[in-house]
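Think of it as A, B, C and D in the order they're written, each chain with its own count starting at 1.
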Amino acid sequence: MIEVLCFAHVAEELKTRSYTMTAPITIAVLRTDLTARGVTGAERLMFAVNERYETDAYVVHDGDTVAVIPMVSGG
Amino acid sequence: MIEVLCFAHVAEELKTRSYTMTAPITIAVLRTDLTARGVTGAERLMFAVNERYETDAYVVHDGDTVAVIPMVSGG
Amino acid sequence: MNWYQVNEHPLDPMALYEGVRHRNVGAVVLFIGTVREMTGEKQTELLEYEAYVPMAEKMLQQIADEITMRWPGTLTAVHHRIGRLDIMEEAVVIATSSAHRADAYEANRYAIERIKEIVPIWKREHWTDGTEWMGDQKEQRPGRPKGVMT
Amino acid sequence: MNWYQVNEHPLDPMALYEGVRHRNVGAVVLFIGTVREMTGEKQTELLEYEAYVPMAEKMLQQIADEITMRWPGTLTAVHHRIGRLDIMEEAVVIATSSAHRADAYEANRYAIERIKEIVPIWKREHWTDGTEWMGDQKEQRPGRPKGVMT
């Protein structure tokens, strides 16, 4: 199992701050799944695994924490 | 008469913070006079008349205040 | 002082200033981002910031490390506030220090630009006519954010 | 607060920060110049600043006016200290504020560069091996300093 953390508009659209998925799974599949769950603009989301940015081909394993990261707007 | 104000190395070399000269006089003549008084690098000094920078051709008149301005180094 | 901090406490610019000073510093640059009321015709009532805190603090540390590589001897401290902020409150303070001013200025500017690229913090504008999560705009491209060092 | 001040009082960066803030400011940049101990192999014991005070304050005002012309809406405050300063003491504080960060950064950098061109303030280094008035170097050209606006 992996934990997927949600923030900002993603958390609002999913009405949750986290959910779980079965591993192993690629970020590309997580992205597709987010679209299926009704998240807008999933093709533009970024992802971090264990607090590091990773790209679509990355394989997430059991115990990893994935964060779905909309375009940041700090500062 | 005009008052000539001196700062930094100029004040030290002349051992005074001000002196007077007879007007009208150009800045070019004031510059030459400073060399005659023993100021080093007088060709590189700047001058302000009544707190405005002026160049060699400027004519200083009675009652004006001239400041001899070595290269600045504030900040 | 924590040098890289993301939390709900009001910011103290002087704490960061004091943190980056030492005997061989000749120049300190502080950037303070504050909540602005008007953006064109739109009026902000308050801002709300949310963060993925542990990763955000790690990314701030990474930005400071990038600065040390690019401008050796330059120190960087960054505090970012989250939660609800009123007009004029401080959202972010960046302090950079170095022997010479060029490094302190350039490093500081670099830090804020990098924060806006890689630090997982999100801003929601509470306009007088509605709310909006900022940043999820068409410029965004999938995958690694622009300029992430690997 | 006096916005353009040259005197012997210790500087208070937060006073300038508070001075340039208002509801439509999104970015404040502070530059703080401090007395550095080492310059290459040379060791500074203290610095001594001297100024032609009334003209120096007038030139600081002129620099702020130049900034307003180049970066409309940007506010600038500058305090410069004179007299004897120990290592780590503040010699100059420049605060700039604007709606957007680019203007605040650029205006601040512009201010310090202009101060070093036109503001009649002189620094004497007290090195461990002697004293030296800085600035009277071969780069200087007679007449109007580089970039003076007429």
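The rule is short, and it goes like this: a contact is a pair of C-beta atoms (placed from the backbone, for glycine too) under 8 Å apart; a residue touches a chain by one contact, two chains touch by 3 or more.
What you see is a predicted model; the values in this text were computed from it and never measured.
Peer 1: If you average the CA coordinates per chain, which chain's centre is most distant from that of chain D?
Peer 2: Between chain D and the rest, the longest centre separation is with A.
Peer 1: Using the average of all C-alpha atoms in each chain as its centre, how far is it in Å between chain A and chain C?
Peer 2: 24
Peer 1: Starting from the mean Cα coordinates of chain A and chain D, work out the distance between those two points in Å.
Peer 2: Here the centre of chain D sits 48 Å away from the centre of chain A.
Peer 1: Return the distance between the CA-based centres of chain A and chain B, expressed in whole Å.
Peer 2: So the centre of chain A lies 71 Å away from the centre of chain B.
Peer 1: Can you list every residue of chain B that touches 2 or more other chains, as numbers and ranges?
Peer 2: As it turns out, chain B has residues touching two or more other chains at 75.
Peer 1: Where in chain C do residues touch two or more of the other chains?
Peer 2: 33, 101, 112, in rising order.
Peer 1: Let me know each pair of chains that touch one another.
Peer 2: A-C, B-D, C-D
Peer 1: How about chain C: which of its residues touch chain A in the complex?
Peer 2: Counting only chain C, the residues touching chain A are 33, 49-52, 54-56, 58, 80, 91-92, 112, 115-124, 133-137, 139-145, 148.
Peer 1: Which residues, counting only chain C, touch chain D once they are in their complex?
Peer 2: 13-14, 17, 21-38, 87-88, 99, 101, 104-105, 108-109, 112
Peer 1: Which residues, counting only chain A, touch chain C once they are in their complex?
Peer 2: 5, 7-9, 12, 31, 41, 43-46, 48, 51, 53, 55-56, 67, 69-75
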